[in-house]
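The structures considered in this document are given below.
Two complexes, one shared chain (subunit A), two partners (subunit B, subunit C).
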Partner chain A sequence: MNTFALIAIALPALGAVSTFAGGRDRRHARFWSTAPTLLAFLATLAVSVAHGTGGTSVQATRLAPAGGLEIWLGTRVTGLAAVIGILVTFVASCVQVYSLTYMKDDRRYATYAGLISLFTSAMLLVVFSADLIVLLVGWEIMGVCSYFLIGHYWEKPEARSGSIKAFLVTKTGDVPFLFGIIALGVQAGSFRISDVLFAATTPGDLHHTTLIAALLLCGALGKSAQFPLHSWLPDAMAGPTPISALIHAATMVAAGVYVIALLYPVFLLAPGVLTTLAVIAAITMTGAALAALAQTDIKKILAYSTVSQLAYMMGALAVGGRTAAIFHLVNHGAFKALLFLAAGVVIHRVGSNELSDFGGLRHRMPVAFGTMTVGLCALVGLPPFSGFFSKESVLGAAWQANGQFAAAGWIVLIAGIVTVVLTAAYSMRMWLKMFYGPFPEESSGDPSPAWPVEAPQSELVILTLLAIPSALLGFLALSRGTFDTWIGGYEGQVVSSLAAVDLNPILATSLIALAAALLGGGLVWLVWRRDPAGDPATILGPLRVPALRGFYFDEAQDFLLVRSTKALAGLVAFLDTEVIDAYVRGAGAGTRTVGGLVRRSQTGNVQLYLTVLLTGVIVIACVFAGQVG
Partner chain B sequence: MSTLLVLLLLLPAAGIAALYLAPAELAARIGAAVGAAVLVLSLVLLPLFDYGHAGRMQGQLKLSWVPTIGLDFQLGIDGISLPLLLLTTLLAAICLFYAQRTTTADDKGRTFTALLLLLTIGMVGTFLAENLLLFFIFFEIVLIPMWALIHEWGSGKDNGADARRAANKFILYTLLGSALMLLGFIVIYSHAHTFDMVTLAQRPGFGLTTGVQATAFLLVGLGFAIKTPMWPLHTWLPDAHTAAPTTGSVLLAGVLLKMGTYGFIRIGIGLLPLGAHRFALALAAFGVVGIVYGALACIAQLRRGGDLKRLIAYSSVGHMGFVLLGLGSMTRVGIDGALFASVAHGLITGLLFFLAGGVKERLGTTDLYAIGRGLYGRARRYGVLVAFAAMASLGLPGLAGFWGELYVLIGAYKPAPGLNVLGFHILMGVAGLGMVLTAAYLLMLVRRICMAPPQGADGPSESSESGDADEVSETDQENEADEVRESSPSVPSSAASGSTTTGSAAIGSPIPAFADLTPRELISWLPLGALILAAGLWPAIILAVADPAVHALFGGVR
Partner chain C sequence: MHAVYPLVLGALLFAIGLYGVLARRNAITVLMAIELLLNAVTINLVAFGSIIRDALNIGQVFTLFIITIAAAETGLGLAIVLLIFRQKGTAGIDEQRTLAEPARLPDLSKLADRSSEPSPSARTAP
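Let's look at the complex of A and B:
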């Protein structure tokens, strides 16, 4: 099965190379971007089938010596990796096929498709890598693909700033992450994940675990866009919509969650860090949901919603609910990809991202309406859609948290339920504003012609394909412990179905959450019914403007970091020319004065040089003479 | 094998002779042929090299030259010098090939080619020499042609007066370093009674007390620190790079700086371990300051009036800061990293300077605001190559720049016994800050010249108000560049002076046409790009050779 994993990593990489090599040949690019990705999907299925529920299997060869340490290139297949691998290739395949028509008028389609393939390969490298350093390689290549894809429309200023911001903010997390990996590797004596996990479960092998876990957490927060490294994700929406679906909703942003789950034994050694994570998750999920409720750009609504949902996963990890976190990750991957792609179809037709330009689309775009409704129901967590079960598993984990997780449990539980209210509110607002009420053009007395075609067939097929897991995946929770036996234990060991974590919804939290969802959705519905043309975001009251602006986080960041960097750069430029170089010039002037005596009969610096050299030789001779004498 | 080593030195010398026998029109072609021959010769070393004993000096040759002062003509090669030697021959060959187009078919062109060949002799000799005095001689040979290249072929305002000033600064600076280095060698000699580096390396420290070693290291180290260059001894570098012709910049950054690194490893740490240990933390600290300082200076270059070549030059200060941090850790992995980073920097910065040279050739300026924007659209392949080089330079994993930094940081995490661990961890943190800043300026550079709708040089009215109108709204780091530019009445005098004359000519002009990659450029630059990728994907191609040699450097202890 390691061979299948290797094939899954290699195929999209090959596809990327071939796509790039083909220049702007569209047919070539179409073939080489879709076929390898689809095959990689089959390969990950094969990995999963071959793996079953059987522990861990590692296959690696030495990549490079590292002064006593070594770096290994290879695959490590666990149940967790197999599940995430399927998610990645499934969504990537959907996005590649969807892009065939969605991006068909784009001049730079080939570059775009090649970057997606490269991204898919890098993500699979993160998922299947046997070595932390190689994982980091994939991790950063994902980041740079994201950078280039956000900057796809580089003629637009928001794409330029969004791409740089995404790279720099995640890099700010990646540097501590790198330090954490170095610390882990050096202390464990190996960068191999199995060795590191072994060291983490052997008492006394690792020191300063709190610091290490905190460093690793920074990387995860950056990649998964959690406070205070979240600000890049809303701006990343400047990229093409399919990219938002794949990278900025379903896969890459989940990598942070994945890495914490992967190295969970290390985090369990640092309870303080997990409690901090709970606080961060609570701030992020409520804050982002508030911001989502105020946004007017539907992609930004979905982006903030992603941030908020990722915080659920982080919250689950903070209270010991690793299985719940991964379950929500998979479900969220499906329904958020669906939401973005459906939104893309609508955006293409309407030609705008602004919520105020939509309305009454339910008859004109029935497939988008139907699938988006499924996606939103899953997002809100209405039974029996997938999101209900996975969100309940997170809340259940928080409810049941005890011992070292007790405090974190309360924080996540309360924030989680508040967020359910907000999630239902922003989902309801988006749903009503997009599909109900008058279409803005009609209200102005200009009936727009009926749309004969909603979107190309292939796009609608993809939406339907994604709607199925969005609706049904949740039922996995009902079969006791199946999902937990699939993903395996903390160190990749087999989990017997008796000891497996049960993801069945708990009655108490289910009822509270449902009530919360009805409250949030109902409130928005009431406001909307009074004024269908208005914006239900008004229920936020005085919070609305700050929420729309992301609580002025960008402004604060700009003030604290960007300006100070700027000032420092100016200072350095001044220092370099006026201070440091001044003593050089001073010394030069001094030399000239002295040298002036020497070279009275000479001109030019070569002579000066020869003089110095000659002096040197004389000195040698003297010393030599001294030695002999 | 030793014959090969001698041939590597004789061939360029023969080339110089041939230049003056043949008519001047052939000069450039002879140069390119000799460069290619030297490269091929050095590649022949690869199958001959005994990888099982990469730590041992191979192909040794020892001819008595001036016995009275202990000067022997003594050559050899091991796993530390082999990668650097190959880097040198590769870059020299590429430069000689590339220079064919710009070299004039007259006596001046002949001199230019001869200087490049002389430079090659010096560079190759430095990495081959196994006698301290011989090392010194080769080290010095390099200076004259480089000085002449900058002085005569350099560019700057006042009809090249800037270039001449830069050349003089370069030579004064490095001469000072050389003099100190020589003094250090003499200190070594006065105690060990030999200049033979192989003999010296067999008993590192040769029984010297820490005090004497420290004195010798301080002297030798200052010489190398100027060459490397270490902050705050770097100020010759931006001027020299900005003024030098393309091939000069490439060799200066690609090879000459590595002579400093190599000296630190081979002589500083290899021969004077106790002395190096005493100054290790200081070395690392200066390196780390250089990382942050270089990055900030680069960010400042992105203001109006900034210069592409000067920016790349400052980025070298940052990258060599990593090398110094690795050296300072005094560990096997740290020095592996320093060596790897040196080679990677040679490839990456070499490519960057070539790209800057291409810009200069096309537009006559490297002023960042006269180049115009939207290179992705105006010259697609060129733009992509710029982005590729920038990504490599910021240390993207999968490209060459990453591994050096990684190994250096591993070394710094666990420095050699006796060194201040907490101090090194603090330095690591600062270096991490530098990594983020490095990413910042390289991305800003890509945005400045590659992105945005194609447009020519910015007119003065446009900029004095609010930068490019479309960028006002851009938030965050984007503002960093633009606002710095607006609020900078005190543009550094040297930076501004270099560009105002050239810049003003382009102001208000339409989009300057920008030809995409030419075949010659493609052939010259492809090897660099391919090696950056290869070393990034399979770092063992360098480390497998270097690691045993570094291990041997420590007497196989650590």
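Let's look at the complex of A and C:
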């Protein structure tokens, strides 16, 4: 099965190379972007089938043993990796096939498709790597690919600034992450993940775990867009819509959650860090949900909703619910990819991102309406859709948290239920504004525009395909501990079905969350009923404008970081040009002045030179004689 | 014979030659003064060779070499003086100041331009 994992990593990489080599040949790019990704999906399925519920299997070879730091190239397959691998390749395949028609008219389709393949390969490298350094390589390749893909429409200024922002913000987290990995590897004496996990579970083997866990957390927060490193994700919406689906569902943001789940024993040694994570998750989930409720751009609504949902996963990790976090990650991957791709279909047809330009689309776009309804139900967490079960498993983990997780459990539980209200509210608002009410063009007396087809058939097939797991994946939770035996234990060991974590919804939290969802959705519905043309976001009252602007986080960032950095840079520039350069210029000018004085003596009179020479000889001779005598 | 006489003679000749080299203006006189300097040295060489009773007579051998080279050197020197006289109409040594530094500093930027100048003809032009 390690061979299959290797194939799964190599195929998209090969596809990327071949796509890039093909230049602008569209047919070549189409084939080489989709076929390897689909084959990689089959390969990850094979990995999962071959792995079953087994423990860990590592196949690695040492790279250039030269003493000191040892790097192992190879694959490490655990149940966790197999499940995430399927998610990654499934969503990537959907995105690639969807892009065939969605990006048909794009001039840079080949570059775009090649970068998606490279992105997929990098994520699979993170998932299946046997070594932390190799994992870091995949991690950084993803960062670069996201930069290029977000900046795909580089003619637009917001795409350029969005890509730079994404790169810089995630890099802010990646630098501590690098230090964390090095510290962890040095403490454990090896960078192999199996050795690191073994050291973490052996008492007294690791020191400074709080520091290491905090450093690693920074990287995960940056990649998974958690407060205070979340601000890149809404701006990343400047990229093409399928990219948003890829980044938000399966790859980039999943990497942060995955790494925490992978190195979970290390985080368990640092309870303070996990409590911090709970607080961060609570802030992020409520704040992002509030911001989502106020946004007017549907892609930004979905972006903030991603940030908020990722915070659920982080919250689950903070209260010891690793299985619940991964379950929510997988479900969220399915329904968020669906939501983005469906939103892409609608945006293409309507030609706008603004919520006010939509309305009454349910008859014009029945497939998008149906699939998006499924996706939004899953997002809100209505039974029996997948999101209900995974959200309940997160809330259940928070409810049952005790011991060192007790405080974190309460924080996550309360924030989680508040967020359910908000999630229901913004989903309801988006659903009503998009599919019900009057279509803006119609109400302004415009004759009904021609709607020959909703979207190309392949896009609709993809939406339907994604709607199936979005609707049904949740039932895994009912089958007592199956999911936990799939993903395996903290160290990748086998988990027997008796000891497995049960993801069954707990009655108390389920009822509260359901009531919360009905409250949020109902409020918005009431407001909308009164004024179908208005914006239900008015229920936020005075909070609306700050929420629309992301609570002025960008402004605060600009004030605290950008301005102060610029001021500091100005100071450094002043010191450089006016102080340090003064010495350099002074050295030149001084030498010239002294030289100008000395050259006065060069009169050209040979006899003068000789006289001076003779004087010198005599002086030297006298000194020498004085020393000898 | 006492050794001090040749040494004093050599010192006197050297002093006269030094004066001639450093103080006289006529190039031919300077050349003659250089000859005096060389001869002062040869006298010293012969005198010391005799004082230390050198069996190999290195001092005398050196003297022969110096006389030979001095003859060649004078020939060369006279030829140069002749050429200078023909060109400038004077053999005054203190008037040969072609190699003196110019009164003002050359402009550095112009120096840079000159170094990047590709054509060799510009360099040979007067």
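Everything below uses one rule, namely that the second predicted complex is superposed on the first by the 580 of 629 C-alpha atoms of A that agree within 3 Å, B and C clash if a C-alpha of one lies under 4 Å from a C-alpha of the other, contacts with A are read in each partner's own complex, and residues count from 1 in each chain.
In this text, a residue touches a chain if its C-beta (ideal position, glycine included) is under 8 Å from a C-beta of that chain, and two chains touch if they have at least 3 such contacts.
Not measured: the values here are computed from a predicted model.
Residue contacts after overlaying the shared chain place A:P157 against subunit B, while subunit C stays out of touching range.
In the superposition on chain A, A:Y552 makes contact with neither subunit B nor subunit C.
Once the two complexes are laid over each other on the shared chain, residue contacts for A:F475 go to neither subunit B nor subunit C.
In the superposition on chain A, A:A183 contacts subunit B only, with no contact to subunit C. Touched residues of subunit A, counted separately for subunit B and subunit C, are more numerous for B. Comparing which residues of subunit A touch subunit B with which touch subunit C, the overlap comprises 605-606. Residues 62-69, 71, 133, 136-137, 139-141, 144, 147, 151, 154-155, 157-158, 160-161, 163-165, 167-168, 171-172, 175-176, 178-179, 182-183, 185-186, 231, 235, 554, 557-558, 562-563, 565-566, 568-574, 576-578, 580-581, 584, 588, 591, 605-606, 609, 612-613, 615-616, 619-621, 623-624, 626-627 of subunit A are the ones that touch subunit B when the two sit in their complex.
Across the interface of their complex, subunit A is touched by residues 18, 21-23, 93-94, 96-101, 105 of subunit C. By the touch criterion stated above, subunit A contacts subunit C in their complex at residues 592, 596, 599-600, 602-607, 610-611, 614. Within the complex, the subunit B residues that touch subunit A are 68-70, 133, 140, 143-144, 147, 167-169, 171-173, 175, 178-179, 182-183, 186, 189-190, 193, 232, 235-236, 238, 293, 296-297, 299-301, 303, 331-334, 336, 374, 376-377, 391, 396-398, 402-403, 406-407, 409-411, 413-414, 428-429, 432-433, 435-437, 439-440, 443-444, 447, 450-453, 470-471, 473-480, 483-484, 488, 490-495, 538-540, 543-544, 547, 550.
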